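Same chain, two partners: chain A is paired with chain B first, then with chain C.
Here is the complex of A and B:
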């Protein structure tokens, strides 16, 4: 689990450490790439052990938003953030927070599967563990098996753990990346369009997996596929780019409600395909 | 971004529902007209034509399922299709009530009329007015107009009360009229049901527009 300072400067008086504040709370979050504002005043709560989907047209800031949750945004030169993101009540932007440590708690899966090309299937999954700790080989094997099982890949790869990860199919590679993210036992799993490079069967497998992983992890998934958002998520956030190109959260609510009776006309226009 | 194909299909569904609605309206009108004028030929026609309405319901349902399967409608589009799927059931049942009246008329055959029919044609006219208004509210997506349809149901209930009391008086006075009076009572009951189904359609309009399921008025019967 994430080890962060227990007192959180600037996180708002008295509300940062209560048990009810588990999950991810985004408070007045703004993000910039140089002078271009990419996110404006985002406020939302991603509930623990539930799936939150972020939808919206290209450029609306959904990827930027989730990259702010594991502090990957600031890696881009000129990028900066104001506001706060509380993970289980702890501000991840508080001074003294180690971004590397944070990213162990907040795993991420990207659009295109990106297994380490020179590593075997086993080593791909073990990579994070080897980086962070000296674990005996036997223990390591246990974690790799557990992670591959969780990612619903074990049965397909158990006899070829020493083959390169890149030898797998696209869908398998993506599940390998999920296994790699799970190996370090994160609290949160961020998924940035995890199925956009996959065929429908592989997509269905990932969606099934998301439903299963929900029991253990807080999952945030960015997707262009609205039916996917409808199928896998419990909550949905809809984002749009304002006139100055900054991304704003237009509507956030239960997925069932968003897809049957959205409150905001812009959400309705987007999800019914009458946008722009 | 437009959704020409989906919009075209939704418009097609709306047109079909309106066409079906107008056939139902005619069936209700003809069934009471035939009864009033003792036109058995017309009654038979109403019974026959009910098949057309039944078929229409099936066709609209099939088209709706096609749209759901191929166009993945959500939000207001999905609510519209769900509304249509419910409305066509109510329309079909209204037509069945008209058919029922036609069958009663045939059953009565050449019995002498119990009395000149006044309130029953009024009930039919009111029921048809509610039907027409509910479908107009659907086209206009007008919640106010839909709620008005529900309120109008009280009028039809009041007429039904009146018919019931009158027929009861006949039966009490002269038990030989019981058979004929009961037939007319069934007719009145069918028309009262047509009114109730118009309020169902109105409730679907409220759902379509607001996304909230409501019973907009509880019928006395």
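Here is the complex of A and C:
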């Protein structure tokens, strides 16, 4: 069923020893919503400081998979998880792991831009720090500026930091949400179809951003858009829904190989547009 | 055929218009009649002085104004935290069955005739304290107020999108803090409207005060002493045989109506501003 190319673990050129410990290792992961199994026996490795894209048709469990990496899946009533996810070698599902702590090192960007509507641009970016700790205003300003620069939004908003975040355009709102996630200095950035509500120009900006952020963060991006996966990612995982609606990982490998030389017939059918 | 349809349409439309007109006319008539009867008797002395014994002219409802402010204040002190916490619990924490039970209880409590609430507090508080008191009146009003606040708070918190809660959690903000600093501010216009509705409702209640606050000819004498209230005073004066008292009942009614009007206008203005 699962075809992991032998080259995958530690594929980041030259650092194969380190890479086997760092990054995100998903081991035999199953997830349920109530009685409905949404993920079955997922095994894969997301390499540090590279972009992993998850593609597949709607309902195949891509979003559920990344929501298991910051333990947001279990917030849904009736949802549960078995198996393990190792973040830099530490099992985030081990008893005693605090999901609140975990989420500070695993940031997330959602499908629709969701800035906090009652907060200004500044407060949106500062929210993760302000609501967790007491940080002096001056230091907070530095973090907000740095995060907005990283999200390529600073020049557009530096003169209106006190305006509500919801006053920005859709693409700007999404970059604001990226800045908000980066402000807490995570090691991993999860992106759940971050461009599906955006126009092509805004999408292009986000994609550029993903390529820049790749230098500092481990990024996992879920996308419906295969061209997007091909453009931004180093590795790609293809998922499908089995007969009982549980999502399974069909194929995982270097993005170039997945798109030019898929091993599985179903992957080939999907990427050539024969279904999905 | 078209002629018949058009005629039916015209008839139904005029019926709707007529009903709307009647509803507005009733409001205008009540307001106009009350004001025309009561306004002439309102003076500085009426607002500030205590009632005079029967037969002497003059006197006012200063005691009742103080009493109503005190009772409504007490109702807010007990009722707002109770209602708000219940609403937050049902919207954010309760399992579906518990939520249903609490919601059902609140709806039943909302439908209990207010004189029954008064009797309940009489049995529970007045008898225990061996006397009518401002405190028991405040408790009776709080019991009427709490379900209104709980239901409106719950409804407006449910309108806050789940994705905002998830955005908060994904930043590593603890759940309680997410609710307090992200969900509650988003629901604030609705929550405030509920509080104001509850306040306006209990400010005009007479029945629950008959066996609790009881009424008094004096101003504030202590929380464990009876206290006057505008609706109580209106009731007692209106059924009295003295023209002077009846006149004062009309004037007190104007105060009560105006108070309600001011509160609802303020609420409209405040909540409208929040929407922008």
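Basically, the second predicted complex is superposed on the first by the 255 of 276 C-alpha atoms of A that agree within 3 Å, B and C clash if a C-alpha of one lies under 4 Å from a C-alpha of the other, contacts with A are read in each partner's own complex, and residues count from 1 in each chain.
Here, contacts are C-beta pairs under 8 Å (C-beta built on N, C-alpha and C of every residue); 3 or more make two chains touch, one makes a residue touch a chain.
Here the structure is a predicted model, which is why all the values come from computation and not from measurement.
By the touch criterion stated above, A:133 is placed in contact with neither chain B nor chain C.
Using the contact criterion defined above for the overlaid structures, shared-chain residue A:108 touches chain C, although it does not reach chain B. Touch criterion met: A:262 reaches chain B, while chain C stays clear of it. In the superposed pair of complexes, A:180 makes contact with chain C only, with no contact to chain B.
Which of chain B and chain C touches more residues of chain A is settled by the count: it is C. Of the two partner chains placed by the overlay, only chain C lies in contact with A:118; chain B stays clear of it. Of the two partner chains placed around the shared chain by superposition, chain B is the only one that A:274 touches, whereas chain C remains out of contact.
In the superposition on chain A, no contact is made by A:163 with either chain B or chain C.
Using the contact criterion defined above for the overlaid structures, shared-chain residue A:226 touches chain B, although it does not reach chain C.
When the two complexes are laid over each other on chain A, chain A has no residue in contact with both chain B and chain C. Interface of chain C with chain A (complex): residues 95-96, 161, 163-175, 177-178, 181-182, 185-186, 188.
Of all residues in chain B, those touching chain A in their complex are 1-3, 6, 72-79, 210-212. Contacts from chain A toward chain B in the complex involve residues 226-227, 230, 259-262, 267-268, 271-276. Residues 70, 72, 75, 77, 100-105, 107-108, 110, 112, 114, 116-118, 127-128, 131-132, 177, 180-181, 184 of chain A are the ones touching chain C in the complex.
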